[in-house]
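Two complexes come next, and they have one chain in common, subunit A, joined by subunit B in the first and subunit C in the second.
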Partner chain A sequence: MSRFGLLLRNELKLFRTAVPIHAVAILQPTVLYLLMSAILVHPTFEMNVAQPTTDAGHELLEAMEHVGSPIGLPYIEPVLVTFDRGPVARQVVVVEDQDDHPVAVQYFGLVDSNLVKNYRNRLTAAGLRLWNEELGRQAVLVEEHAWLPQDMPYTVYFGMALLPMAVFVAASFLGAVLIAQEFEFRTILEYRLAPLSPAWILGARMARLLLLALVAGALVSIALGLRSDAWPDLPWLVALILLPVGLIAGCLGTLAGLLLRRTIPAFLVGLVASFVGWIMGSGFGLAAGFGEWYDRLSRLTPFTHAVELLFPRYFGAVIGRPALSVAYLLLVSAAMLAATVAVYRWRVTRQAP
Partner chain B sequence: MKRLWILLLMELKAWRSDPITALGGFIPPLFILVAFGLLFGGRLTFKVAVLNQDAGQYGAVLRQALDEVLSPFGTPYYDVVDLAPERAWEAYRAHRIDGIWLLPEDFSERLAAGEGPTVDMYFSNYNDDRAKNHRIYTAEILWHFYEEIGLPGPPLDLAESYPRSEMIEWFPVIAVGVALLSFMLGSMINVFMLTRKEQVSRIVLEFGLAPRSLAWVLLPKVLLALVMGLATGTGLLAIVYLWVGAWPGAYLWAVWLLAGLVILFWVPPTLLLGMRAQYFAGAIATILTGLTVFFVGGGLGLVRHNWESVPWFSRLFPNTYAVDPLRDLVLFRTWPADWWSTLLILSAFAGLSMAVGLGVTARRLRRLA
Partner chain C sequence: MEEQRAGPVSEEEVVAPAISVSKATRRFGDLVAVDELSFKVHPGEVFGLLGPNGAGKTTAIHLITGLLRRHGGEVRVLGSDPEKDSRRVRQQIGYVPQETNVYLDLSATDNLWHHAALYCQELSVVGNRIRDLLHLVDLWERRKDAVGTFSGGMKRRLALARALLHDPDLILFDEPTLGVDVQARHVLWEHVRSQQAAGKTFVVSTNDMAEADALCDRVLIIDHGREIALDSPERLKAELGRDIVTLRTSPPVQDPERLFAGLGVQAVSRSEPDQLRLEVRDAESIVGALFSRVATDHRLESVRIARPTLDDVFLHYTGRALRE
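And then the complex of A and B:
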């Protein structure tokens, strides 16, 4: 065991030989999260409203202030502006009299269809409140049955789904690059000549990759907590869920490095696997919602399984089939580990470098 | 001039021996284009099941309204799937559909009698933006439904006025942002990799010892990077054309001019990076810089009329200013209203970057020598 400790210490010291690569692999997902969380969709929209001069205008303004979620945020933040009928910067709502009937006209600036949709829907929701008030008991009452007791910000889901990606990126990048560099610098010869069992050497390398992958995951988790005030109920369980993801990624990276023996192609394998896996594997929303085929494909990646296991820790609700996801992650981890050991033996101990 | 030509040919030969540099500016943007195309290029509709248990006629009208009300994307807000109740609940619980509308048996009866008809709406709210859409789409449906069944009109009518006759679609807006990223990355990867190569093979030492002005050395590098960036970006624009049908046509030269100025801003700092950073880490840093700038510099949405949403740090690089005029040229084939001011801003960015970046690079080359 002391030998393993020495090996692990040596592995960790190798950090100093490639500080920038480690920094990129470990910090990149956190930076991505912080940047994306600054621009991700938010339900509350500022809406420009021309200073009301009529009763209808005042009523609309009041209705706008009440459009929102009963268990979340308001959807409209009216901003009173003076409208001079000149060019419109974004949008402005003006209540006008047309044929002796008040009309709320929304003047749009150059905005895309998604923004038009958002502004239109919000104004309709405010207008409908007024209509419903006038209809009284004739109005249709929509009784909401939301799944969770509170609306959850999208930044929480996005950050949670980024956790497996952070772990995967760190383990696969570092696993791929470091082993490929051993071939490029011909230091792989030292491993071949080492009087130790390959299991010890690979074990130390995997332990190091897992450790760094968990650091990357922890950084995203902290950023998520600080940014969105979303902390997992059981942090140790989150680490445990991410562990097989890191192991699969570490094995994939190491395999790519062993087979390709060149830094850039091995790195590209890690890069493509990480990003394709993230996008396919519930990175932006639950895979099941994207259609049957998408869901099936996404279940081939460890990401969807990890996301489904992480979900209860952040949202307090179970999704998918946790037992199946655990079984998938364990089986794939074992298979990847076995493949890595086999390729390592073949490439390092039996083949000349 | 002959000297410049010789050095330019030398740089070109160096590139020919490592043509993979061209892919560095092409593959990441293509990857992003495909990802966003998959995410936002499709129909942004909610898949819901309507369990219409209404014994009267109004339930069917409401069900019909879900098909009839169109979003600004030109598609219905809801994609109603026909499922038996058990299958619908099963699909909802498995998150295969976004929600369920349950119209009770007495819906029509209560509506006709004015006794507060209700609709039960089951939906997922793990993402508050989607939950918001469920709520505000409902308003569109009910508005149409009230009109269809002839209820007394609203106290306030709604109308809209647009600056253009056609709607600006969201994915093409993103696609132009990705094209600008490709212009930028194409040049950055080229100049980084070639400089890095020269650094490793100690050619920069020879540059530093050159008896002539270092402008002769740096100019061909900048020119090649500019050409590579323009070629890469134009290649991606061609893909955008094949995908969404947007192409600048006769305005291509204006696109090249704006993109060229953006490229000239990014080339000098990347040149410096190539002289200092490790090969691999530098390449990654270059790509990540490009991606970050894309995300925060108006790559995902229109900037010109949304300055209040633009973070302060996005104003520190030219992409934020260039992206909307590029959209004018590519998506609408119209001359940007702010053409001259944009040109001035981009020239200032490019000039400053060239002066500072190339000056520092020249000093560094001399010190190396």
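And then the complex of A and C:
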């Protein structure tokens, strides 16, 4: 067996020294995605509608069924319910007769303002459709020019943007904890006296971190595919895009472990970096949509660059400047790797002054 | 065939010492941990660094490994400077630290493979070498068990096997039997001796006189980072030139100098109110006279005659016991 192969095999066996941390680091993003996808806004909304008893009620129901994006999914899936004016679950639409005029009345249960907005917008769209049918050629015509060839469901965007986060969390958590643990258990002495170049040792460590980080990313990708039927067109390219993100995270975690030498503080650095980077870096929507300054700031993180490179793989459209993003990821990876080697030499290999 | 103990190469035979330390100094702030320490370790010997806790033994070992930089003097290990040629020195030394730093969640075999990846030049022979070493330290049957289930002695034996895995010429063993039971320490000493017979050089740091006495060809006694004495344990004890007689009487002897005048007692101290410690040149020749003088006005409760130990050597040079 080659030395690198042996180093990597040993690295993988060290999994046994931190089983819970490995489980958290690898599974946590997938669990997060599955939980979030259950509560996130789906493009097609179920809307409770009281069983219509009038013509106007039937017309509104029909109009609701036709409301949707011109390039994708319907927006409303009406669910007929019996309404007895008691407490309302989420929302219900009732067509009432007020002064001989049919009026669509919307009753809300305990929902937040964002959901109220979503329910209201959909009902308004259905009302507009009815109104336009009445007006004939005098109707308000809305032309839509979609940027993408198909709708971008938020659950899919969220899952896609979670991929770099999954890789980052796994690599930074494990990188931080594993090296800090070596200091706490004093096993670092084995490395301190080793007559082997740090490049070999860190190379094997990074290979291990990347492998585990890609497993974490693959789990999110599979969950995304199964939950939303969204699969990347080129999975190998997705892995390639995520590699530098994992490398940057692995270096960051290892640096934290080397500098802090304590498991909990190093772990917290990985945690904070992962979540701040994810939130800042287009985790909840394309950074460009949040304003210029936010966009600029987000480009300091590897997340936005990774999200923009991943975007075509899930939505079939190129966004941002891919060449710039690739250059950023490669340059930051190289810089982080160089910094890690330097700090490793300082903290581990070099004699205490 | 019975294994021959190789023993150290004598001073006259030595061309190049395994270790040469000359006026080595190391400070930690205002504290001088190693103070112009000088000694040589001959190839094939078991050399002891003996001293109380905080004497500077581990610091001296770290200067030899190159883990610490010295603030003065010179250190040569197998002909190389551990600071300037650290990789070469590290290739040739095996280090068993004071705190056993093995991976508790890995098996004995996996711990050795981990070490092999970092230290061994020739990987094709590692499998056989691991098998031989695990047999040597009697851990072959437990090779697949997690090291966390091992006793303290077993962990030390594994640490020794690990230090030997890359076939170093020099092994630095910091407190070999710290926290190890009596039976296990004898097993460890046997392993050290068998490796010495195979030509290895050992530097053993200890504050255990019995260990230094049993194991070392020569010992360097250090205190406050300075050399106190350096020789074989036998010579150091012989240099004291006296035996120790410990008497317990009832009632306690009030004026021992007067009572034992003319018997050649060189020093008298009182370790307990009713217990006297006499240093005499030849205990056997005066013990009869001692008894008869004591018996005149006292009842002799107990008597013990002992040859000097390394603790007595330390006491002689520093005025305090090694474990104080």
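Everything below uses one rule, namely that the second predicted complex is superposed on the first by the 343 of 353 C-alpha atoms of A that agree within 3 Å, B and C clash if a C-alpha of one lies under 4 Å from a C-alpha of the other, contacts with A are read in each partner's own complex, and residues count from 1 in each chain.
Note that in this section a contact is a pair of C-beta atoms (placed from the backbone, for glycine too) under 8 Å apart; a residue touches a chain by one contact, two chains touch by 3 or more.
It should be emphasised that the depicted structure is a prediction, and the values quoted were computed from it without experimental measurement.
In the superposition on chain A, contact of A:L196 is made with subunit C only, not with subunit B.
Contact with neither subunit B nor subunit C is seen for A:E77 once the two complexes are overlaid on the shared chain. Look at A:N10: by the touch rule set out above, it reaches subunit C but stays clear of subunit B.
In the overlay built on the shared chain, the residue A:D97 is in contact with neither subunit B nor subunit C.
Of the two partner chains placed by superposition, A:E65 touches none, neither subunit B nor subunit C. Taking subunit A as the reference, the larger set of touched residues comes from B, when subunit B and subunit C are compared.
Using the contact criterion defined above for the overlaid structures, shared-chain residue A:D233 touches neither subunit B nor subunit C, since it reaches no partner. Applying the stated touch rule to the two superposed structures, the subunit B and subunit C interfaces on subunit A have no residue in common. Put simply, subunit B touches subunit A in their complex at residues 20, 31, 35, 38-39, 44, 47, 62, 71-73, 94-98, 111, 114-133, 135-140, 142-143, 145-146, 151-152, 154-164, 167-170, 173, 277-278, 280-285, 288, 292, 295-296, 300-302, 304-306, 308, 311.
Residue ranges on subunit A touching subunit B, taken from their complex, read 18, 20-21, 23-24, 28, 31, 35-36, 38-39, 41-43, 46, 56, 59-60, 67, 69, 71-73, 75, 87-90, 95, 98, 101-117, 120-125, 127-128, 130-131, 134-148, 150-154, 157, 177, 263-264, 267, 275, 279, 284-286, 288-289, 292, 295, 311, 315, 317, 319. Note for the complex: subunit C touches subunit A at residues 62, 65-69, 83, 86-88, 90-91, 93, 95, 97, 99, 101-106, 110, 113-119, 123. Residue ranges of subunit A in contact with subunit C, taken from their complex: 1-3, 6-7, 9-10, 13-14, 16-17, 185-187, 189-196, 201, 351-353.
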